[in-house]
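Both complexes below contain chain A, partnered by chain B and then by chain C.
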Partner chain A sequence: MSQRTDYSLNHLRSVSTGYVALLIVLLAATLLTLEAIIQQVQDGLVATDMAQQGTQAGATWGLYIGTFEWFAGMAVGALAITGYIRFNQLEQYQMVARLSNIWAFICGLSAAWLIIIDLGTPHRVLVILTSWHETVLHSPLAWDVTFVTTLMVFTLTMLVLSLRLDFVKGNPSLPIQTRILERIVTIGATPKEVPKLEEMRRWLGLGLLVLAFTAGMIPGLLMGVVGGQPGYFGSERGIVFLAAGLLTGVALLNLTAGVLRSLFSWRDALSNEVFRGLGRALTLFGFVYLIVLFNDVLPVVTDMAPFFEGRIGEAMVTGSLAPLFWLSVLLVAVPTLLLAVFKYRLGVTVQSIYAVAILLGVWIKAQLTVVEPLLFPNLPAIEGTYSPTVVEWVITLGAMAIALLLFVLALKLIPLAHRDTEVSS
Partner chain B sequence: MVLSSLGIVVLLLIILMPVYVTFGGWLFSEPRDFRTAGIGLVYMGVIAVAMIGATAGLGVAFWVIANLPL
Partner chain C sequence: MTGNNTSGLYFDEEWESDAEDRLSVVDYDTELGKKLGRDAQRLAAGEISQTEFHEKYHEDVVDEFGVDERATIGPTPEEFGYDTDTAPGGDGDGGGGPLPGVPDDGDHSRRSVLKTAGVLGAAAVGLNGVAGAAETLADENEDEEEVEDLQWGMAINQNNCIACLNCVEACNEENNNTPDALWMFVHRYVEDDYTEDEEYLTRPCQHCSDAPCTAACPVASRHTREEDGIVLTDYETCIGCRYCEIACPYGVNYLQWATPEEKAEFKSSGIPLDENGEVDEDGIRLDSDEPGIELDSEEIELDSEQEVRFDTKTKDGVEAAGPPDHGVMGKCTFCVHRQDSGREELVGTTACEDVCPTDAIHFGNLEDPESAPRQHLDDIEENESTFRLLEDHGTEPNIIYVGNEPSADATPVEGPRTLEDMNRDLHLHRTDREPVAYPSEDE
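This part shows the complex of A and B:
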C-alpha cells in the first residue's frame, strides 16, 4: 500500500512509539524544572547568579530575561505570520497559519512564564495585577505585561475562531478529545455564519498584524528606555527586537513544517511551493536581521563612541564576549547567505537545519543583549561576570521543553488544516 | 511630556490599536451579523478573563510552593 501524501487527521488518532518516548522525555524535563522552581521559590533569587548589584557590576538580568526576549520575539514573528496569512486569505498556507497560531500562543505563554520566574516571588506577580491601573501610566514593564496578555488573548481567539470556521464548514469524523474541543468552540454555531466568520477571521488577522508591528516592539523598547545602563538606552531597541522576532518566528515555522513533513509526508498542505515561500521569508528576514544588527553594533565600535558604550562594543567584537557574539552572527549569516545563493532550493531537511542554527544564533545574541550592559556599567575599571547557576539552566531549558511539550500535546488535539470529510488510510 | 500622560498615549493609541481594528472590523464589515460578532466578542472576553485569572492563580500556586514543608 502506498503511503498517503495528503493531509489527514490521522495525527490526532495515532500514537507512535517515538511520540510516547518524546512525551516521557518532555514530562521528565518538566518535573525536573518543577524541582528547580521549588528550590528557587523557597530559597529566593540567591539560587541564581543574578544577585550582584551596583558597584559589583554583576548581572541582575540573565538567562530568564534573555530567553524571555527570544520567546517574546518568536511570538511576535509567529503572530505576524498568522495575521498575514489570515488577512490575505492565503489558503495554500492554511496549515502554516494554524501552526504559527499555535506557536504564537505557546511562545507568548513561555515569555510570560519566564517573566514570572524572573520576578522571583509570588507576591510580585499579584502586585503587578493589582497595581496595573497605576503602573500602566508610567511603567514600560506594565506596557509589556499588557502587550503579552493581549498577544495571548488575540492568538487564542484566532485559534478558536478559525477552528470554529473549520468545524462549521466540514464535519469529518473526529477523535473524542477533538470532538470535545469542537463542542467548546462551536457554541451557538450555524452554517449561515460562515461568510461572517471568514470576514471576522480576516479582520482578526489584520489585528494580529497591527499588534505585531505596534505593541510588538515593546519588549525591545522596555530596554531602550533604561537610561542608567550603557548599551540599553537607545532609539533602535524596538526595531532590533522586531527584526530578531520576525526571523525566529519564520525559523520556528520552517523547522516545525520541515519536521511534520518528514514525519507525515503531507505534500499538499506542506508542498514544495510552501517550503520555497518559507525559505524566501527566512532569507529576507535573515538579511533584515543582519542589517539591523550591523546598524546596532557599528556606532559602538568606532573610536568616537562614548567611553562606556565603546567598552561594550570592544568586549563584543574583540574582547571577552567576542566568541559568543561572532558565533551568534555566523549561525545566522551562513544559512542566510546559502539560502540566498541556492534560491531556497536546498531541500526540506537542510532548510530545517538552517532554521535550528538561526534559532540558536538569535538566542545567543538575546542573552548577550541582556547581559552586556550589566557587566560593563557606568563605572570605569569595573567589569562584572555572570555564570548562570544550575537552577537557571534547568528552568530556562525547562521552559523550552515545556513549550515543546505543549506543542506536542496540541498535535493530538487540534486539526492542522480544514477537512470537509475524512477517510482513514 | 510627563510620563503618566505618555503612558496613556502608549496604552490607548499603540497597545489597544489592534483591539480597535479587530472590533471595528467585526462589527461593521459586510456581511453585517451582530450575533456572530457578539459571540466572537464573548469568546474573546472569556479568554481574557481566564488568562488574567490564571496568572493570579499562578501567583497563589507559587505562594503554596514557597510554603511547602520541603
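This part shows the complex of A and C:
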C-alpha cells in the first residue's frame, strides 16, 4: 500500500488487481441475479416463498419489501448527511458529502428496483405513472414513487451542482471518462460563478435536509396508514423509519469511508477528525434508533395491548420471532454501547466493523417489520410461515451487489473531493 | 319533485304513502315512524340539532318501546353516515346514534320501525345508511322514488352452516380458480379452551362500502362499481403489488402466484350458447354438468337482439370477471358475470348461494326490503344476533352475518379443510414450503 496521505484523483485512474477481482465478482453476482429475475418473471412470484396471508399460511410481502425499506432508509439517511454537510459548509467533510451523495442516489435506485422486482407483473410498472394523478391522493405506493423520484432528482442535482463547482474551481488533468463528465457538467460555466454556485450548493443542502426530514418518512408510512394489519398502523411508523434510515446512512458512510481510507490512506480528506465525527453520529443515531425501537415495541408487549398487536409483540419478544428480533437489537446495541464507552480509541477498522453489524441489525429488523403482522391473520386462520427461497435470496443479495457495483463504477468516474492540482504519487 | 321540498327535504304524498307502506309491516306506531323519518331529514339538513331531535322523541320512544339507549350527545350528521352502534349486533345499540337506541335482542320488529324511519329520512337526503342496519343507501341526491338503489350484498346465517364446503367448491368451479385460491372459504374455530363447540365462519369478500383495498391500490385497478357496489379488480391494469391484500383485514385476496396450468377457459353459466346450446361465439365451452346453476340448454332461448355478455369482461368492458391472469390479484366478484349477464335467472344469484344445502347464504340487493338477504334478516328469530365482520375497522362490509362473531382469540381447528388438503394446496406450486399445522394439532 502506498504511503500517500493526501487525496489524489488516482482512484479514477488506477485499476488494481483487487479492483478487477471485485468487479468480476460483482458482475458475476449481477448475472446470477438477472438469471433469478428471469426465472421469477417466467414462473411468476411462485418462485418465491411469499403466499397469501390466511388460508395459504404465508406472508404476502417478504424480503423484497423489507430490503426496499432498508435501502429507502439508507437513501434518506445519506440524503440528510449530504444536506447537513453542504448546508453547514463543512469543508473538512467534503468527501463524506460526495460519498453520501452518490450513495443516496444509488440507494434510491435500488429501492425503486426492488419494488419493481416485487410486482407480480413487473412489466406493468408504468401503469403506476399513468394512473398517478388519480391515485396519488390515497395510495401510499404512489406517494412512494413520488418520493423516490424526488429524492433521485434532488440528489442528482446536488451531485451535478457540487461537481460543477469543484471542476470550475480547479482543473487538474483528468482521465478521459471524468473529462467527459466534466465537459457535461460544466457547460457554459465560468470561474465567476463560483460564489453563486457555493450559495446554491448551500441552499440546496438545506433543501435536501428538509426533504429528508419531511417526505423522508413516507416509505415508513407506506405501512403506517394501513389499518388492516395489526402492527402496521401507527403515526410513529415514519419516525421509526427515519431513525433507522439515519442510522444506516451514517453506518454506510462509516463503512465506505473506512474502507477507502484503508485502501488509499487519504488522511487529509478522511482524517481522524472526520472519523471521530462519523463515530459520534453513529453513537447518537444508534441511541436514537434504540430509544425509538423501545417505544415502538414496549406498548405492544404489555398485557393491555389490543389482542392482535399483543400477539405480534409476544411473538417478537418471546415467541417464534424472538431470536431474530433480539439478534437485530444486539447487532445495533452492542456497537453503539462500545462506541459510547471507547469512543474513537478502537480505531477506524473496528468502527467499520460496527457499521457492518448495525447495517445487518437494521436490515433484519426491516424484514421483521414487514413480515411479522402478515403471519398472524385477523380471522381464525392458522399462523403463517415464511422462509425465502433461493431465488429471493439471490435477487435480494444481488440488489446489494448491484448497488455496490454501481458504487465501484462511480469511483472510476466521479472525483470524491475537490483538488486544485494533481498530487503525484 | 312536488311537495314540501323548499329546503331540500321531501315530504310529499308519495313520501307519505311510501312511509305508510313501509311502516305498516311492523307492529309499532306508524305515525311515530313517519315523524321520525321527517325529522331525520331535518337533522341531516342541519335544521334541527341532534339534541333537539333526541329530546323531541325521547319520551315517545320510551313510551312506544320502553327503552331508549341513546347518548344525548352523539356524532354530527356527517359522522352518523354509518353508525356502527345501531347496526345489528353492534355492541351498544343506539348509543350515540341519531336514531333512538333500542336493543335488538328481544324485539326485532321495534328495530324495524326505527330502521325504516331512518331509511325514509335518509333516502331523500342521500345519507348513507342512517339507519345503519341493512340499509346502505348508495347514491347521493337521489329522488325519493329511487329508494330502489342497488347494493349487492349477502346475509349469511352461520347457525345454518354445516361446513360442507359446497360453496367453496362451487365458487372455484364457477370462476375456474386454482384450488389454493379460496375466494370463498369457511373458517372453523373454537372459542375457548373450555368448550368443544366448533363454529364456522363463511367468508367471501365483504364488498365493503368503504373498502380500504381500493384506497391502497396504486393503479386504481381495485375499484368499487358505483351502480351496484361490487368491488372488482381490473385484471388488465393490476400490477400485482398486493397492497390491496395488505390493506384488507379479512384475508380474502388471492394473487395468482403462478400461471394456471391451463389458462382458464372461463366457464360461466351465462355464456351465450350456439344453436346446440353448448358453445358461445367466442368458443367458450359451457359445461352444464358442473354444479352451480342447473342449465338445460333446451330451456335457454337466446334472443339475438338481447344483450348477453359472457366473457371475463364486465358490462362496462372491464376485464374483471372469472379467474385473474398470471401475477394478478383475484378475489370474490359476487359473480359479476352473472350480475352482468342480462339474464333474469342469473342476475341476483351467486354460485355459492345456489349450492348451499342449508340455505345459509342469501344474496341480493341490500337496498330492497323484498330481497333475499333482507327477507332473511327479517325472518330470523328475534333472539338471534347479527354482526358485520370486524366492523370496528370501519370498512362498512356488505355481508351481514347471523350468529356470533368470532372473538379475537378464537382458535382455528383442523377442517373443514384437512391439513392434508391445506398442505396439498400449499405445495401445489411450491414443493419446498414448510408444511403447516393447526394450533390444536400442536397441543
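Operating definition for what follows: the second predicted complex is superposed on the first by the 413 of 425 C-alpha atoms of A that agree within 3 Å, B and C clash if a C-alpha of one lies under 4 Å from a C-alpha of the other, contacts with A are read in each partner's own complex, and residues count from 1 in each chain.
In this text, a residue touches a chain if its C-beta (ideal position, glycine included) is under 8 Å from a C-beta of that chain, and two chains touch if they have at least 3 such contacts.
Computed from a predicted structure; not experimentally measured.
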Exercise. Should the pairing of chain B and chain C on chain A count as a clash or a fit in the superposition?
Worked result: fit
For this session: Determine, under the contact definition given at the top, whether A:Ile38 touches first (chain B), second (chain C), both, or neither.
Result: first
For this session: Mind working out whether A:Phe275 is in touch with chain B, chain C, both or neither, as first, second, both or neither?
Result: neither
For this session: Would you check which partner chain A:Thr121 touches, where first means chain B only, second means chain C only, and both and neither mean what they say?
Result: both
For this session: May I ask for the angle at the C-alpha centre of chain A between those of chain B and chain C, rounded to a multiple of 10 degrees?
Result: 70
For this session: Could you tell me if A:Ile382 is touching chain B, chain C, both of them or neither one (first, second, both, neither)?
Result: second
Exercise. With the two structures laid over each other on chain A, which partner does A:Trp363 touch: chain B (first), chain C (second), both, or neither?
Worked result: neither
Exercise. Does the superposition put A:Phe87 against chain B (first), chain C (second), both, or neither?
Worked result: neither
Problem set entry | Contacts of A:Thr150 with chain B and chain C, given as first, second, both or neither | first
Problem set entry | chain B versus chain C as contact partner of A:Gly207, first or second or both or neither | first
Problem set entry | Touching partner for A:Phe287 - first (chain B), second (chain C), both, neither | neither
Exercise. For the superposed model, what is the least distance in angstrom between any CA atom of chain B and any CA atom of chain C?
Worked result: 8
Exercise. Considering each complex separately, which residues of chain A are in contact with chain B in the first and with chain C in the second?
Worked result: 121-122, 125, 138-139, 142
Problem set entry | Touching residues (chain side chain C, partner chain A) in the complex | 180, 182, 185, 187-189, 201, 203, 212, 215-221, 237-243, 245-251, 253-259, 325-329, 389-390, 393-394, 406, 408-412, 417, 422, 425-426, 429-430, 432-434, 436-439
Exercise. Taking the complex as given, what residues does chain A use to touch chain C?
Worked result: 43-46, 49-58, 60-61, 115, 118-122, 124-125, 127-128, 131, 134-135, 138-142, 145, 223, 226-229, 232, 307-308, 374, 377-383, 385, 387, 389
Problem set entry | chain A residues touching chain B - in the complex, by the definition given at the top | 37-38, 41-42, 112, 116, 121-123, 125-126, 129, 136-139, 142-143, 146-147, 149-150, 152-154, 156-157, 160-161, 185, 187-188, 193, 195-197, 199-200, 202-204, 206-208, 210-211, 214-215, 218
Exercise. Which of the residues in chain B end up touching chain A in this complex?
Worked result: 3-4, 6-8, 10-11, 14-15, 17-19, 21-22, 24-26, 29-31, 33, 35-37, 39-40, 43-44, 47-48, 51-52, 55-56, 58-63, 65-66, 68, 70
